[in-house]
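In this document, chain identifiers A, B, C, D, E, F, G and H correspond to the written order of the chains, with residue numbering beginning at 1 in each.
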Amino acid sequence: MAEEASPTDPLAGIAEFDFDRGTRRGYPEAVLGEGKSVDQLVAIATALRDRGAQGGGSAQTILFTRVDPDRAQAVCRVLPDAEHDPLARMVAWPGTVPEPAGEQVLVLCAGTADIPVAREAWLTARYLGRPADLVVDVGVAGLHRVLARVPAIRAAGAVVVVAGMDGALASVVAGLTAAPVVGVPTSVGYGAAFAGLAPLLSMLNACAPGVSVVNIDNGYGAGHLAAQITAPRG
Amino acid sequence: MAEEASPTDPLAGIAEFDFDRGTRRGYPEAVLGEGKSVDQLVAIATALRDRGAQGGGSAQTILFTRVDPDRAQAVCRVLPDAEHDPLARMVAWPGTVPEPAGEQVLVLCAGTADIPVAREAWLTARYLGRPADLVVDVGVAGLHRVLARVPAIRAAGAVVVVAGMDGALASVVAGLTAAPVVGVPTSVGYGAAFAGLAPLLSMLNACAPGVSVVNIDNGYGAGHLAAQITAPRG
Amino acid sequence: MAEEASPTDPLAGIAEFDFDRGTRRGYPEAVLGEGKSVDQLVAIATALRDRGAQGGGSAQTILFTRVDPDRAQAVCRVLPDAEHDPLARMVAWPGTVPEPAGEQVLVLCAGTADIPVAREAWLTARYLGRPADLVVDVGVAGLHRVLARVPAIRAAGAVVVVAGMDGALASVVAGLTAAPVVGVPTSVGYGAAFAGLAPLLSMLNACAPGVSVVNIDNGYGAGHLAAQITAPRG
Amino acid sequence: MAEEASPTDPLAGIAEFDFDRGTRRGYPEAVLGEGKSVDQLVAIATALRDRGAQGGGSAQTILFTRVDPDRAQAVCRVLPDAEHDPLARMVAWPGTVPEPAGEQVLVLCAGTADIPVAREAWLTARYLGRPADLVVDVGVAGLHRVLARVPAIRAAGAVVVVAGMDGALASVVAGLTAAPVVGVPTSVGYGAAFAGLAPLLSMLNACAPGVSVVNIDNGYGAGHLAAQITAPRG
Amino acid sequence: MAEEASPTDPLAGIAEFDFDRGTRRGYPEAVLGEGKSVDQLVAIATALRDRGAQGGGSAQTILFTRVDPDRAQAVCRVLPDAEHDPLARMVAWPGTVPEPAGEQVLVLCAGTADIPVAREAWLTARYLGRPADLVVDVGVAGLHRVLARVPAIRAAGAVVVVAGMDGALASVVAGLTAAPVVGVPTSVGYGAAFAGLAPLLSMLNACAPGVSVVNIDNGYGAGHLAAQITAPRG
Amino acid sequence: MAEEASPTDPLAGIAEFDFDRGTRRGYPEAVLGEGKSVDQLVAIATALRDRGAQGGGSAQTILFTRVDPDRAQAVCRVLPDAEHDPLARMVAWPGTVPEPAGEQVLVLCAGTADIPVAREAWLTARYLGRPADLVVDVGVAGLHRVLARVPAIRAAGAVVVVAGMDGALASVVAGLTAAPVVGVPTSVGYGAAFAGLAPLLSMLNACAPGVSVVNIDNGYGAGHLAAQITAPRG
Amino acid sequence: MAEEASPTDPLAGIAEFDFDRGTRRGYPEAVLGEGKSVDQLVAIATALRDRGAQGGGSAQTILFTRVDPDRAQAVCRVLPDAEHDPLARMVAWPGTVPEPAGEQVLVLCAGTADIPVAREAWLTARYLGRPADLVVDVGVAGLHRVLARVPAIRAAGAVVVVAGMDGALASVVAGLTAAPVVGVPTSVGYGAAFAGLAPLLSMLNACAPGVSVVNIDNGYGAGHLAAQITAPRG
Amino acid sequence: MAEEASPTDPLAGIAEFDFDRGTRRGYPEAVLGEGKSVDQLVAIATALRDRGAQGGGSAQTILFTRVDPDRAQAVCRVLPDAEHDPLARMVAWPGTVPEPAGEQVLVLCAGTADIPVAREAWLTARYLGRPADLVVDVGVAGLHRVLARVPAIRAAGAVVVVAGMDGALASVVAGLTAAPVVGVPTSVGYGAAFAGLAPLLSMLNACAPGVSVVNIDNGYGAGHLAAQITAPRG
């Protein structure tokens, strides 16, 4: 076969893992589980484990995101000290949450069905080293639920708002705090929610400044960004 | 010419006005100004005036909607007792507001740029015979502005919410009242507002039940519907 | 775990049910089944049952919407006096229909495939306390079917029109009555129906005033709104 | 210049007119005015005139469609025996309407603002040799207007329905006749009409069989097709 | 239950079959199988059979369209003299093809994957009483395949073009004949075909006049329309 | 007139300016010029000036965004100490840039045509009190232009990337720094750029984590957010 | 049955294979497996085998694309000397790769999940006779991975860039070489990737000239085009 | 001002022209006129002239694309030896066409209204040094026009197909030649052409392999790519 790769590289033809990203950028590369076969994920997990055994490992946690139960178990068999959160569809290796540093991250979740994405954001922020809290089911249909959290909202260095359907929570929260709000539209809803298009557009047009948006259902990206915003300063 | 029409009908080839709709349905037909030429509007106004002079007129107000200044003036020259509201782009004939009856209509407007549509809704409700109020600039970026109106919101038999951009006001208001909320998304905004698509989708996905939606910028339709909802009952 | 919740709250990390909404807004919160796991629904049903047993229950019916058979059965095991309508994918607790009050709600359904959504609207209106009727298969391809219902249409205080494909029924019905028409576009159809986009746009552009629209397939929202419109007046 | 063209062809680098289409296909090529400069249209008109003077002309009428007043006048200066219909934005050369043959074409127009497109369809059918009638303002908001035309609808060999907004007229008419219905969605409307998308989708999903659709605002195409359907049979 | 229906009507709450459409409009109502349960289809088939046994039947064939194998078999158990074409997903009752009358219908199919839709069109035209032919795999990538069919194309009174992907065949065919071309875009293709949107738009913008379009994958509608166009004239 | 407003409020019926937002949220409300009439802007400017003269003014700069030359001049006549940047379509009052504090903001602009939006972001960050730099024309078609700025990129506490067309710059920059990247898609481009949709989607799908997105052309929002991210910490 | 086909043609009613395309156009027709039944593919494979046995075969390789395992095995049973690449979902018959000629084709693949499409492009180019290499996982989030391949990129006569999500790799690569870049957007990604729409638009708007685009996931088309571009010149 | 730029660079804050691209990539950077002010274009033209006068100029032609008459004249005043093609909206400096080398480029244009884009492609290929021909008005509605050009099509090393509306010409031409076809969808058309979306999708789904697509109306990109494909080989 004419593929360009050293025959001794177990990842040849599969991936070119950016092992140095943690050093270079401060945060290690994560592994997106979706779209990869079990075999490809096992090969990547093995390469990570072997490199770690050779002393080339990172002190930082590697996250496998959007992994279904089969893929998660295959990864955990290779990396037994990994932690699997089925709801968030995430595997973290090593599984120990680092000692938190930096400002507080607050993840707000509009409805019960948004919990998987919200947990993905919350866990990502924690594994990247931030103190982080998660509050569920505070949609704007009952404003008292939001208003009861104003102190927590104002105490956070970054707020992640996870919401499907009308996505209105992002605007409301941004009007209550000076901290940046990271909006995560979700595919929760049906019909004219168009798989997340409705809250995506709603959040992009938030009438309060201070809101920016990541991809639909991208809890990982939101947690990562919140961790960057609240990182300890030199 | 082979067009089917009586040669004595001044509207032949232009329109077939539904003169009896007021009697049949309770509300008279309105004249959409947009897309009609000045000549066509003058012909319609003339037919209305002539029919009125012949005793076939309606006691009810006829509304000309979405009329630019040129069209409005042309109509008013034919119907001198008409009233023109330039901001709402509306002409009412006759211009006298009827004595209000039925429940209260409240029109809430998220931003200053939404005022034309909001006024169109407010004037329509008033000309159709309802008591109606208009409150401007109560977007959710400053929740205190909405919360200050809770008593007025709860006193209304129907609330019209006029908002562009994120359209979040509809959800928030619907969570505060037992009355129906009529959402009017507006084309106010830019970029990913996509000329009103963002608030349209947002309102269709309102997380609070009790919201229904009319066409983008359709203040007339919203005011009409609110008047129907709050009509006096037999 | 750092989640904010009292350890004694069985809904901690799952939902924050708005138990007081019935008192505050007149209509209790419904539970959207879609997107919730069986375990989450059981937890919510249990919390409702326990609160009821403690005398904190509402006299009003709680609706579980868009529940598939598995979820419905799980809820009914916790709440044995609930009623399950499989066609409408709805569970009502308690299952007894309240004594009707207010004006008549009429649900019109364009085709046989629209029945699930139409039944959801019809049952919602009835469980919220209105007298309600359901008429199926009155699409405009055979106008005589609509025209035969004109007396029923004119007797209703609100008409819900449930239609997929061209959604034309909403305009036709609105031209026949002074009452508000709530349009529910459905995902019935194929190809350029685009999962309900075609009737959604058609209804938003209804050439007859008096039509407003809820989300595609949102029978619950339409029935709720119709109940609000026809509610008995103080 | 390297362009491929005979230096003696006045249309070189501009157009390659299909002079023989009338003979080959039965209907001559039309000239779409939109997107062509005045100079280009004059060159085409001149080539047609010269060819006609040389005896190579067609007995059939050549139509210039979607020509604004400036372009129309420029064409008419070259072809003085042409006829210009400003409302339909059409120039016909020669301007005499041929003796009608074949079955009747009926053009129905939902609203006054649809008249330009409807006239384009009506004139096209007439210039292609069919007996044709035009009826305006028969939208479904007042069903009695449609029902009053049932005899004319049933007498036609093809019905062209021109409608913007909800486009519901096409379904209603198709349910009343055995003849083919050609739907022409128009860009009349605003907001969620999305420049004709709403009636386009509505007509494509007509719940009555027998409806087919041409491009938005394509009165010419509809009139042409109706003339083909109703053509005299060998 | 409050549903409006006579208790003796076996279709109560299911459908209101338009038994007289064949007499009134010339073509009987068809039964769309998609979106109906097996039980609902069985009820409709039974009602048709019973009415036929009572002498109220139509001489015309009733078509059940878009029926999967389970639904088709259930219908055929009730109507043993029906004919099932699995490829076209169609059941015809009674199954005998009527004696053809009127002009020839030609169905052209661009690729092998378009065959189900093409057969649906072809069978519909035949069951509605027309002489009809079907030619497969004549996409424009090999123009010689189209050019070889020019005599057949020119002999037809209506041509149905069934094509996915670029939908280019409709324009090419329309340029070769004076007869109307009915375009049926199909959902064949992937990626930017967007489930039929690409050929739908392509056919709506056909550069040759004489093309009109039905819904994506709507072979039934195309065959029905072609039968109307080619119907014998009084 | 029935409008709710104190007759002594010069903004009655126009706006309800959130004068306390600067105190409450840390950043004052800005005035979106687009969609407001000259008269409305003059009224708002006057109210701000009067309130300032009465000692109720904010020490913070008020920004008028998306103001065309006419609107800008009208505002400046009322507020002579304001500063107008025509390229950014922005007026700042008072015009003095505050002493910078917090971390560095870097605005990168992909092409010359993106400059207006980039300047809006850059000026907003500066007027909100941050040290900020602007670098133009560093699109990825010439990677050396980006690579030459790596030191500046790595020194910034937040990077704003302003790009139309493919929006690829956001991903590339995010891969080079640990700081948050705020993507601003612009409407620069034509055709399939679809007025900014292409870079919007591209940035939402950035393959490097750390990118979030604001509305198309929303330089103000991006500058505001960058200022929040880089604000001095207590 | 009235289908037009010779009864002796085993492909009658299934396909009209363009056996002479290899001779006429230089590249043989490929068989798209998707949308064809197993039986249809077996009939085509049999016809190819039989024709080959009769000496009418082509020396060129026939490709079956987008074939799932079942279809692939059925084809291979008929054509035992075929080669099946499950990852690329491709069967080649005969399976021997021809001796390469012409310029080098380089296939670059942004992420692991893009490998199936990338392999399809790479194999197509090889089976059509070009020297070709494949490099995986060189997304722009780690620019060093791209920059390390600059010599290989500059040595190629055509570069195929396979990327989902932001599709940014196409612009970056095109800025580094004088050779044409063929962009293949993939459906890899989620949410606002909209099944490949994001990289499709991104690549169509590549800020570097020299990029053209094929359909989403169309590895075959890209490999074919690259082979055409790099073909040996007479 | 805090902008990063050397005070002696006349392009500071405007552009960072990639003067070395011609050397590095073989083709010089072009200047997109659209979105740049007259002043900005004059500054760029001046920088190019000055650099040329200092001996740092390129022997290669610099193209200014999408320049309206005002911008073109301003550029030509600075660069008097430039050539302006108003139809193509292009200025070339220096204006002399280089001696052609490499294979033939053929530009085919479906309709008269596509000429501006087609000329842009044709001129670009010529100024980049290829022999190039332009043929106009060969749409597929009259296949004989295409078939008459088969020899020219087969003689070309690359064919650029410029078409709006149905875009069908690309598929037809690709089926006739072994050379790559570059499709340029244009915004010519109306209604459901959706400003070029229809031919864009049509060309992306071309049923003949060998077609790739550039942005809507991007004649420059197509001509550039065709020049790359047909470049003389080392």
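Here is the rule we go by: a contact is a pair of C-beta atoms (placed from the backbone, for glycine too) under 8 Å apart; a residue touches a chain by one contact, two chains touch by 3 or more.
Bear in mind that the values here come from a model prediction, so they are computed numbers and not experimental data.
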Steps in the shortest chain-to-chain touch route ending at chain H and beginning at chain E: 1
Repeat of the A-F interface, chosen from B-C, C-D or E-H (over half of contact pairs identical by residue number): B-C
Length of the line joining the C-alpha centres of chain C and chain F, rounded to whole Å: 43
Separation of chain A from chain G, taking each centre as the mean of its C-alpha atoms, in whole Å: 35
Chain centre separation (chain D, chain E; CA means) in Å: 28
For chain C, residues contacting two or more additional chains: 111, 141-142, 175-176, 191-193, 200, 204-205, 215
Pairs of chains satisfying the touch condition: A-B, A-C, A-F, A-G, B-C, B-D, B-F, C-D, C-E, D-E, D-H, E-G, E-H, F-G, F-H, G-H
Chain G partner contacts - residues on chain F that touch it in the complex: 110-111, 139-143, 147, 164-168, 170-172, 174-176, 189, 191-194, 197-199, 201-208
Complex contacts: residues of chain F adjacent to chain H: 111-113, 115, 126, 131-138, 141-142, 145, 152, 188, 190-193
Complex interface listing, chain F residues touching chain B: 2-4, 13-18, 21, 29, 32, 34-36, 40, 66, 185, 187, 195-196, 200, 215-218
For the chain D and chain E complex, residues of the former touching the latter: 25-27, 30, 103, 175-180, 182, 200, 204-205, 209-216, 220-222, 224-225, 228-229, 231, 233
